[in-house]
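Chain naming follows the written order as A, B, C, D, E and F, and within any one chain the residues start at number 1.
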């Protein structure tokens, strides 16, 4: 199973979770983070400049679809970083 | 070394950290998260519906014991997701 | 690509982010966490006893340099845990 | 018709209107929501303020006046889950553990409903015993313990485990955040008395109604999000969540009169009986009876009984009291 | 010279001085910063309080008095982005989508600037129509919608997608957190009237100015961090961010007079026209026109126009009104 | 016996009782705890309010009256770590860097202790110079710098590195959150004067004592969790944490008298001398002397000296002042 982690500006939340649904994710986990990157500091004290981190467990093919859709549709528009790693989940049938 | 990540409802906190002690974890890290899953949205604005994410570094056998105990004792009772991944830690003797 | 995760006391923030810059990281993500470990509970309600988790994506060699510098300079001084894992990132050229 | 006017006065109060606004926010999918620390801060403020005021009032009135109705309140907290449980089992055909969990919620109390009731009484110039907070304080825990015992008896007694979770329930019911704050602040207020009150009045008393209004805005959002679950819980719990509170309310008013309370105090005891917990009980039940389905008890207490009580219930219990005292 | 005195009175108010202190904190790299929930809590408080007061004021004044200037406010919100857009395109040589985004911000309004202006008028004993909050409430959305349409027309119309993001913008502009809170609280205040006001006054009215001062401390930090970006946006936007507000301010004052407002109310309509949104508009624009560069619209509204308005702008618009009404 | 009455009056104040309630919460393992943003918000409020009031008071009294005792306060801040350091080294057999760290804490000040003392004086109608906040403001930093230098001299001077961390300490000591807020708000209050005060009084003055009480509830929880560590720090630090404050308190009162303060002001200078920092100093020391063991300095300042001072210390320093001024 794959864990895809997405760090993006808070305003991209709807766009990202919408995409998750589209590629077939059964759920996700999300929390506010603070960041620094090519677009400068995002200090997480006001919503206008804050980031979120989204974590989602997916089947490998769904993860692939997600990353591709992210790269195609959202990366050009939002400050964002995404990566995938291998995980072993309990109850894999859930995802 | 293994990193086990557990996302669960906040009320399961005592149960989860108790289990960690039992399987021999030397510490853990924990933070509030918001989630969506088979039991619906958990929006993290009131404690009655909020989630936490627990991260713990363990020796492989302890990780195995942890996952099994989770699956047996806590999964039937609480909204919960758990997964394991491989990590390389600094000062492995600490864990 | 490598993901290095550092959990440390909040006061080490400047020291850690300074080190990230030195080893060539292009950005990082950071959030407050609560913890338990050899130095006791860190309950995250007042800044004097709270932890942060720092996540950074790096090239393998930079990750190596970061871990070594952490082990040499910061581990003796601050309560801290650090580990590395393999990730596949979108747009690897960014890091 | 007095009762209609009373209801209207309640519906047009800032607190209830802000609650309605929160419902609208949830239903129109506005992104309005309070961050958790703000919710926690408001809860702490409300519990501490109401507890402190209650403690000062007890000190002024003297324990002699308070103990008998307080005992009645504890009795109510113990009896309500016992009569509610079979109704849920037989009438609602709910499982033993779900019935026990819901029973625990309805025997326990909602501090916010109580606070809204005191504000309402103040607004219409109906005097009441301000030491009534004592009843709120003693009435939260007993029902939780009764409910957990009921639930444990119902599920197979797995010895050790069961004892452990009864202990958890006990600790939660006595030292859980909300009960601890309420009882502790009551004790502080009792020890400080009027002298202490004068110092903190501009913080704990003057802005209180406004804070409540703001808090109910968020409660509206929270309850509103639960409205979808009404379908899941079915018509039985819908009826239950409105009728049982009215019966408990009448019972409370009656016992209040029996134990010598004035009209205002009896109304408040009625409000307490009728209200269902949605802070202390869910925490304790989730930890001690995790097999119980939270959708059932949260939806009925939060999305049915709570809105009913703060809009229609409170004026109804006052009317019941008025007829009883007429 | 009256205008200099007026400016001095404003500069020495706690609100403006705390704003300056926040700027200093950002510039000296102090680690001072408010946690997000505190920022959110203060924003909620300010919007609810101002909305509620406005609603009570409308109820007192009657809709008959309010509707005409409110219409004028909506007109301003629609017209401003239309005249500002070509200025940005031609004068600033900015891309269509960036121009549309900035135009949306300047047609919309800054609630905090409005609040600071009412405090200022109160401080110098200049009476004003307190139902002016209604103008604030109706003036936030139109410009956002106009801006999004301008931006969509400018970029290639990709059919379906474009419709979807117009819908997003619409929802954001009407149900986004800040507008929802403001309009909703206005409605609540309108329904409660004076009776309701008396209950929540110690929370929503008395501490209001102090809360604003504290909030502006954080706004100073936020604006201060943006100061570095002034280089990135270049001299055109710097001039734009000061001159356009003054023109819009004069326009607002003038329209206020035309629609029968008194001197105070006309000043406030001027302040609204001149102010640029930095809460509602960025949220809506970021979601509906993600191609637009946030550095441009955030820096100009937050680091140029906002500080200008709360220090010099407000007294200037008052002076304009004074001359017009002389 | 006057002193016993004075102590009793203090112990029965809401602030101290809520502190005790917090201790009880920690000891009974209640899950009561404030979320970090609430803690941060209360800290910001208290520092801004006390600074602002102090600034207004300085403006009213005139710098001429303030500078001499303020100089004495700075002197105290510099001298205390110097005499305390050898006591820790020789008497406590602590390492140089730990001794330096603890010395820094005891030379610096606790704003909350100071605030509790002003509330106490107000409660018993003991007048005091309200510009005393100026002493609080100037007394936080010097001792931190002295302590860091002591610590650096003690550890091997690794050139460059050492200079860097002295710079860190300097920046932390001058621009760290708490000092920045206090000094900045003092400056704002000074510039605003009475006119500004009138606007923000209902927020910064009236609810102040209540907010302090609520804050001390959380401080009780925090201190209570540290109580376990008392075993780790041993009997020497336990005695140190009570005796040294009393000596420093007497010293402060005496210097206050010397520099022309009245009884109330001298008491406050005594309170400041005696108090140990637990906000500004830990932050600066942790970053500049990370080799020092936080358990030692945090436990002694937070779990020993702080509770001692706000319960017994404050009335004792007042009694010392009374005898000196008799």
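A few remarks follow.
In this section, a residue touches a chain if its C-beta (ideal position, glycine included) is under 8 Å from a C-beta of that chain, and two chains touch if they have at least 3 such contacts.
Remember, it's a predicted structure, so these values are computed and weren't measured experimentally.
With contact taken as defined at the outset, subunit B and subunit F are each touched by C, D. Set against the Cα centre of subunit E, the chain with the most distant centre is B.
At the far end from subunit A, in terms of centres built from Cα atoms, lies F. Interface comparison, E-F versus C-F: the pair with the greater number of contacting C-beta pairs is E-F.
As a whole-number value, the distance joining the C-alpha centres of subunit A and subunit D reads 40 Å. Spacing of subunit A relative to subunit B, judged by their CA centroids, is 20 angstrom. Subunit B and subunit D, compared by their mean Cα positions, are separated by 33 Å.
Residue positions of subunit B touching 2 or more other chains, listed in rising order: 31-32, 44, 85-86. Among the residues of subunit E, those in touch with two or more other chains are 34-38, 40-41, 206-207.
Two chains count as a pair here when they touch; such pairs are A-B, A-C, A-E, B-C, B-D, C-F, D-E, D-F, E-F.
The touching residues of subunit F, when paired with subunit D in their complex, are 12-14, 17-18, 21, 24-25, 28-32, 34-38, 41, 119, 123, 206-211, 213-214, 217.
Residues 5, 7, 31-38, 44, 51, 53, 67, 70-71, 75, 81-86 of subunit B are the ones that touch subunit A when the two sit in their complex.
In the complex of the two chains, the subunit D residues touching subunit F come out as 35-38, 40-41, 44-45, 48, 52, 171, 175-177, 180-181, 184-185, 187-188, 191-192, 195-196, 199-204, 206-207. Put simply, subunit C touches subunit F in their complex at residues 9, 11-12, 14-15, 32, 41, 43-50, 76-78.
For subunit D in complex with subunit B, the residues that touch the partner chain are 33-36, 39-40, 168, 218, 221-222, 225, 278-279, 282-283, 286-287, 290-291, 298, 302.
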